[in-house]
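Have a look at this one.
Letters are used for the chains, namely A, B, C, D, E and F, taken in the order the chains are written, and counting of residues starts over at 1 for each.
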């Protein structure tokens, strides 16, 4: 499987999750290779693996990003993708509440506030279009 | 719901997951209140919540502990509990492989090695008894 | 001791420290159970324990939050509570200067800047009212 | 104040806390300048500052090291120094119990276990001599 | 070598790197001793050491700050200093791309975005003056 | 460029650095795909990029791993590779001394001690053979 196939596979995965994060587009301008690795490796190689379903992968990713505490844009992007594939708002918040035990209350509270921002934004009248870039 | 009920609820949850970690017993000797909070709050209040199933909670916890990188005993304890409730070895490893993207390869590799220790130990002829303490 | 008593105890503790953080009110809207755990467990069970005085607990909490580096809202909230219970501005800054050695200069510098924001805000003519929520 | 004075001041401070950690001696062999900075800067400049008392500085340092999660040798060294200057075992454990809220239970539990190792070692018949190096 | 000499040496080093960060000036107002330690210890004692060249030290510092994930002001300050001493934009981005492997993609992506902010700001018509404070 | 080419390129890079870490062999047994990603992505795609030389990449990696604090096996592996490609012991220690400022003294001290272990092991009469796996 050549690189273009891995890239296409990653893009396909991101489109399945109706990714609309601006991260890819912003990376394209400044560090296109990092954007390419995200498509090829992060989503083409890893996220597309069969061992866990999309829903479970997103729960795992939400937990990791909320535990790190500093990855705000990525966490918002994955909260959006989680919602897009049918994980409910309540389930997303439940992940963060569970993390209060392991990562501490501040990490949990901050993730809940980022989730609120995402939820509020999605309920605004004119949602941003999905680009999948 | 009084404290003793919360404690009992946490203990029940730990028994459902056939917890056999020595952490509780060791904490009892030195900091019994911290052990009590783990039973009452971590497992009685939080882990027992209905919003996510046991399986999903364990995936979330494995992701958080592997991301932190330093919580070796707790990660081994939760790898054991994950196996006890039917999460397969392959699924546990899949969580850690997914984390290579978000927490970096060292966190993923270390978690995989801790998982190997747990898997090897469980396949030894005389497994430790579950105490649920 | 039932939950309502633990909640009341936590609220009482927060009122003793004249908590005016908006975190509780914001959590109530989106994740009320997490807010409840903060009152019941974080302040009712743990912060109210007799083993260390309020002043010492706040020094410990300031050190932990500044070391994590990402917990801005919580750190500002605890800088406010520290001032409310009589810890001086100089003592708060001293905690962060001490941390330059252990958590590195960036963590120390960021905490000092958050403290400056809190100090400046408190010296404005119309302070926010304490709600203790 | 020249460097030798700062070094002497740091050493004096370490002796006041009856430091017996092997860290200094081990560093001398491999990275003597790093050892010198610990004496001059960490203990001579910072730990000797008047803004907080020794007891409060140690509580702050214990909180920071336990929050980081990976600084085992340094945490054991400071648990020893905390005991040497009259902080009780119960107070040290209380710091770590408080941190379960902010840094999560795994960080708290690991710190408690390191404290137990230190406490056990100190109750052995032939304690190591204090060198202050 | 007395303190004033160490301070002067640190200031000299910062001027060699044409430091224009507002961090020093802001610290002077609120925690002047922390600012002094940055000059004396961080730049006078450590950054001025002969064992690695300035270019290599900056690569090391960029890697450490990007790995921490939360040190935004310091990272921007060191991206500026890196550019000032002749490290190219491409090399700075290359450091962060390399870190995707070790610290994870979110840390790498965030550092790339901070670098973009710095690059954009420097290409504006009226650059800020270097103060070296 | 197909996967096998990326794998071969990563392996080639690891051989150029005379990698003798047991990490790859241990991963092969338990999580061969993670081992493959290390070869293909970490060393084939990223470490082989032209933007920084091998020496600079290793300085960056040493800084990132030492800052994380928990990645002991990976840090030892990269200390070995750094030595293999001609970075001196003094330069490696210098990276860690520089990090005392940014990541704190405990991270720096721990990395120095791991370096000492690696240096001691390499000076033993029968060094382990390089396998590059």
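What we mean here is this: a residue touches a chain if its C-beta (ideal position, glycine included) is under 8 Å from a C-beta of that chain, and two chains touch if they have at least 3 such contacts.
Quick caveat: nothing in here was measured; it's all calculated off a predicted structure.
Taking the definition of touch as given, a chain qualifies here only if it contacts subunit C and subunit D alike; those chains are A, B, E, F. Contact with both subunit A and subunit D is made by B, C, E, F. Subunit E and subunit F touch with mostly matching residues; of the residue numbers seen at this interface, over half occur in both copies.
The equivalent interface to C-D, defined as the listed pair sharing over half of its contact pairs by residue number with it, is E-F out of E-F, B-E or A-D.
Averaging C-alpha coordinates per chain places the centre of subunit A 29 Å away from that of subunit F.
Taking the mean of the C-alpha atoms as each chain's centre, subunit C and subunit E sit 30 Å apart. In terms of their C-alpha centroids, the spacing between subunit A and subunit B amounts to 25 Å.
Residue positions of subunit F with contacts to 2 or more other chains are 33, 37, 41-42, 46, 49, 65, 68-71, 74, 93, 97, 100-107. Subunit D makes touch with subunit C in their complex at residues 41-42, 46-47, 49, 51-52, 56-57, 59-68, 71, 74, 90-91, 93-95, 97-103.
Only residues 68-70, 93, 96-97, 100, 104-110, 112-113, 115-116, 119 of subunit B touch subunit F when the two sit together in their complex.
Considering their complex, residues 23, 26-27, 29-31, 33-34, 37-38, 42, 65, 68-71, 73-74 of subunit D touch subunit F. Those residues of subunit D that touch subunit E in the complex are listed here as 1-3, 33, 37, 41, 45-46, 49. Residues 100-107 of subunit F are the ones touching subunit C in the complex.
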